[in-house]
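One chain, chain A, links the two complexes that follow: it is found with chain B in the first and with chain C in the second.
Let's look at the complex of A and B:
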């Protein structure tokens, strides 16, 4: 075997690391570690200058292992591995040591110990790097088709975009027809466009030969992996199976029914959605209307702003005023959410039309009695009583209960409110961290129609990146079963959450590498120690522990 | 499907333009990314941290910059602007103007020797003019492409080129890679493109005309973007919160919301992002210095994005940030240049005052300078506020088929929305090309 030549690049990350860790002394220390032939400090290792330094470092010092001690592999590992590949080094010879999230940021108050810990962490990395082995990533075939779960506006938008690019899309909708929430809307803010107008996309979808629609259908099972998902659905009791390359989740939201709040009865005290249904059926006939905002939102139970209900309330109040200028409408609110360009004008015009906006405080909620609403007016410092013939409650969008089940089937996370959780809120807003699965529309977070449509396009774009190519490259760091040690007890097979372990034709227990995420669960459960996780082998991990125990910090 | 012959031009290299380019590049399109500055990155490169998770902005942006730079299908055209455009039967012919960089892109290795030697100092626009750079400069530390550019207006050599005796030229003498090239000139060239994506972002409103706030009159009243640079470790004060009047570290800070927003005399719309970014600023202030007390003066608190409401709760409960519903009538100063805010308390309608040591103005997001001219060149419609006009059922389309838009040029929006629109515009461009060109 060739001599092991490790290069260590220690990053300042501006002052993110250097502000709390003595980088110069860390570098001096690292020079003394075994196999380390080159070290360097960089202000930002990920900048083009820093990357060039790595390249030069590799070339000039014949490095065959590269360590970057910096931030997190979550955002930066692909970049540094890529640089190694560019220089002809197997990317698995790259080792990341996190001295930011795991060190400088959490020990901001103790520079000395943080510095010692950074040394320990790097020493562990160096020990492991010496034992790293080259691995190959491999290619899998990709079916150029997409399953879209949910046929609301966001899902339909994604389907239409993909089909127009020539890709097949399959929509699975649990309801009897497409359209989602929009079917129940009257007009849409700000221009009073009829919601039916936007829903004309349904016809286009039904006509498009590239799109298959399954209504009254439920997802029963999802198996497989990016490029080759196996889907089973239940359509009117009947099972249908098909395969797709990618999946988009577009299941939208429910609207909170304010049971037990403000004497909600669905007749004299109703929701905005019910109000719009009255408009649609032309059954609206009220004159004194009180609307209450943030009903069941921005409170302890649901500490989020649903972002669409202020505009919705104004839309409906304006409609009433337009039809009947004598109608008295007061909107009781905590803050008015009209963020963006046209929204503020919409609000200003609503006030000009004579719609009253009055503030209430979260600590003194309004009270709804048989005939009147009583609320505490902050500026007048007194309770005010308003007679009404209709109270409309603005309730938030909430997740469907079944999202939980779906998230389990897809192996993607949901947040505390049941909204789907994207891979990165800012930079990967419609991706899941699980390859090949994407998300759009309100099932991710409350959004209005244009935002939901944009997200539908965005998900289609992310899908197109994958299905426009014939193959996809998957991770090489996976589990491997030593057949000499395996006694086929199948404990691992039951434990693997990704269903990556199966029996092959010869009845051996094997890992389907494309499915394996390298999570390591199987390896820890195997009583025979027959399973090894490549890139995280026992001896690699042990070397790190041994290196840690040599440290100065362990007391 | 071989899409290799198909080309898309993306105008503007902020996070939106970058995301569109990366998606399209991955789909197999050849992308020309046009950026007027020497480096891509846009506003996000200037931010310190990004809400609501407070991750370091440049840290999460840098890998994207590199991905763009290294992508085999993406070519960055820096210091370049669109001059003319003509629609063909299929696609567009675009005439571009590339400003002279006076540094050879292929030779410069960004070693920085030239910068050390350059005697000419210039106010640094990237740093909001809070410190100086040299006439030869890297736009910002992590900038991509990572090569120098010479500021023609400030370079002693170029300014005195017509004199008999050569002036300066130190950078040329010291550069070991022969990268300095004073013979470069501005050049016009054309590119063909099957679709275009507009991503020219937004600018910040300059609050100088709003005299009552005292911006520029009082040294201790600065803008949100200036504060963003100030708290950034790579910024002009290396991340130290410092009063401009006496270099002292303030212990009380007031954040003033809706400056030039929601105001019919300036910009009638809500800029969407400032309620939450001021919250971010207040949180970060406390992280820089535990003794800092922040107050945020607002009219309505607008925090509809994912995790934003909880972010505000955290600011209140864990960082002691005070939210005061109040409209600022005027800011004055005392003899030590401490700002005093006179405001109407919107809960009680009383007029009150509060003395602090530092004031940050959350200024409106306005359309990018000259974007109206660009819109004319492209033939696209703008809305009443001069943002690119779109409709609720086609949120990333412009009125010109084949030209799409994304990011803050569509109106004030944060990074997640910009990234979503950017991927969305990429999907629409791809759909457009698939339908018109086979």
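Let's look at the complex of A and C:
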């Protein structure tokens, strides 16, 4: 093996680091460490000057390992790895030591100890760097097409957006036609638009040569990985197979049917959805209406707020009042959720129109009898009876039962209520942590139409990042199984959350590198210690541990 | 000289390491004793790493990962927790269990990160220096810790932990679901047995001993020792060496 030649670049970060750590003494110390052939201090390592200094350092000193002791790898590692690559050095020969976020910034009152800590951390980094191995990131081909599961407004938005950019989209919809929940709506808040107007997108979709629509179809099997998913669907009992590069999950939600609640019968006690159907068919003919909010939501079984029901109830109450100002409408609620300026105004106007809002408490639920609703008025602290000719129940959006099966096929997580879980609520709101699979619309969490549409656009734009290129680069720091040690017990196979471990044709247990994320769970589980995690090998981690203690001898 | 604990923190890249970075960005000050080793997931933490750290005289080890349900790799932190519980159980036999800790810290919990580190540092400060800091190679503590480390590294306990979730969630080969408490009892027994068996092996590597000798060294009843001996011979890890005055003496195979 070639001689190990480590270069260490210690960053001042202006005064961010140098103000609290004695950088000069750190550099002197680092010079004494094994394999370190070059050290340098830089005012700002990530600046043009700093990067040039690294390049020159590599070239002039024939460095084959580069360490930057500076800020955090979470923001700057790609930059420095890139510089190494440019200089013909494998990027996995780069090692980052964090002496800013995890040292100078958090020990500002103790220069001496911060300096000692920086020394320790760099010593650990040097030990690890000596054991680093070159790894290849490799490229896989990407099919420029997308499967969209669910043809509601969010899925259709994504499809049309992708098609308009020239990419193929394939919608698989279980129902007999596209449209999702919107097909059953009457008017839409905000803005009182007719739902049919938005649904005109269906025609566009059906005409678009870039979009293939499979209705009355369900997903039977999903195999493969980013760039090359193999899909099997069942369309009217017939199996159809095709390949796509990416997947968007847009399966929306069901609406809770309040069976057994508040004497629900679908005639005199109905849901908001059924009320809207009456409007659409022009069959609405009631005068005394009681609406009950949070029916089956915000309780023990379903603690979440369905977020659309307050506005939906108001939308429908206002419609009734506009048509017939003499109608008496009371909305029994636990709270009214109207976030933002538009919704709050909508609520105030509803009150001005004479719609009554009255509060009940979860511990004393209203009771619906043949002719009247009896409830305990929270403000007046007394029981009140209201005669009705129609009761409308606001029930929550709930996940479809088959989401669970789908989540297993896709290997993506769902939460306890069956909603799909994104990779990160804030940072990656429409991604799954599995590469190449995205999510939008209400299948992720209750949302209204504008939100569902924005998410559809978001998912489409995340997809184009991948399918607009011919290939995708896969992480090189993955698991590897030593066949001499493996006894094919399959314990690891069941542990891998990404199903990256399988049997090959020769019945050996192997890692499918494109699927592996390098989490390391398989390695710590294997009873035979047969699995190595590249870039985080046992030896590399151990070297950091032992290097820490060696320090005591020096001090 | 006053005691300055040396602490290693194993942090997952996605939540806890990010939380540590946030503590930095927010300039939240905490004790400078911790040295962080970044791993991709808390599920990558090998029990063996912790043994290595403790054996080399580190005063405390803390593992940090994402909150339950938030692991970047979905379930890595549950795996970490199972391995941590195993470690905890093993280390109680040598009274080192209070020198390790497992905490969940999210990327947005910079303040919490600093608190966790401060509290852990204080607790180690109170405990005083690790007894392994200045210890001779023949000490009983090191001997026992070695036995525990081998037990943790060995096929049996790893396979048991490896199958734990499956057994609890899906049932064993007979499709019988195991109640959690029952499994935990079983696990505790397995840990104890593996520990004692490895102690026997280590003793027998040093010298040939009889059941009675072993019973005295391990402070375990002779009939239990005999059970272990039978097991270990069955596994081919120890051998009968010779018989003196009707008493059998055993030895361990060097590769055991």
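Note that the second predicted complex is superposed on the first by the 346 of 555 C-alpha atoms of A that agree within 3 Å, B and C clash if a C-alpha of one lies under 4 Å from a C-alpha of the other, contacts with A are read in each partner's own complex, and residues count from 1 in each chain.
FYI, contacts are C-beta pairs under 8 Å (C-beta built on N, C-alpha and C of every residue); 3 or more make two chains touch, one makes a residue touch a chain.
Predicted model only: the values in this text are computed from it and were never measured.
Undergrad: Could you tell me if A:545 is touching chain B, chain C, both of them or neither one (first, second, both, neither)?
TA: After superposing on A, A:545 lies in contact with chain C but is clear of chain B.
Undergrad: Just chain B (first), just chain C (second), both, or neither: which does A:304 touch?
TA: It touches chain B, and chain C stays clear.
Undergrad: For A:345, is the partner it touches chain B (first), chain C (second), both, or none of the two (neither)?
TA: first
Undergrad: Figure out whether A:491 sits in contact with chain B (first) or chain C (second), or with both, or with neither.
TA: In the superposed model, A:491 contacts chain C only, not chain B.
Undergrad: Where does A:15 make contact in the superposed view: on chain B (first), on chain C (second), on both, or on neither?
TA: first
Undergrad: Who does A:109 touch here: chain B (first), chain C (second), both, or neither?
TA: Touch status of A:109: second partner only.
Undergrad: Residues of chain A touched: more by chain B or chain C?
TA: Partner touching more chain A residues in the overlay: B.
Undergrad: With touch defined as at the start, can you tell me which chain A residues reach chain C in the complex?
TA: Residues in contact with chain C: 72-74, 98, 100-103, 105-110, 113-114, 116-117, 120-121, 124, 413, 415, 423, 433, 477, 489, 491-492, 494-495, 497-498, 517-521, 523-529, 533, 536, 538, 541-542, 544-546, 548-549, 552.
Undergrad: Please name which positions on chain C make contact with chain A in the complex.
TA: Residues of chain C touching chain A: 6, 8, 13, 17-18, 20-21, 23-25, 27-30, 32, 35-41, 43-49, 52-53, 56-58, 69, 72-76, 79, 83, 114, 153-156, 158-159, 161-163, 166.
Undergrad: Looking at the complex, which residues from chain A come into contact with chain B?
TA: 13-16, 19, 43-44, 46-49, 51-52, 71, 75-76, 78-79, 82, 161, 164-166, 188, 190-191, 193, 197-198, 298, 303-307, 335-345, 348, 359, 378-379, 381, 419, 424-430, 444-446, 448-451, 453-462, 464-465, 468-469
Undergrad: Sort out for me which residues of chain B touch chain A in the complex.
TA: Chain B reaches chain A through residues 1, 3, 23, 26-28, 50, 52-53, 55-56, 58-60, 62-67, 69-70, 109-110, 141-146, 232-234, 238-239, 262, 264, 268-270, 272, 300-310, 313, 347-349, 383, 385, 387, 390-396, 411-413, 415-417, 419-428, 430-431, 434-435.
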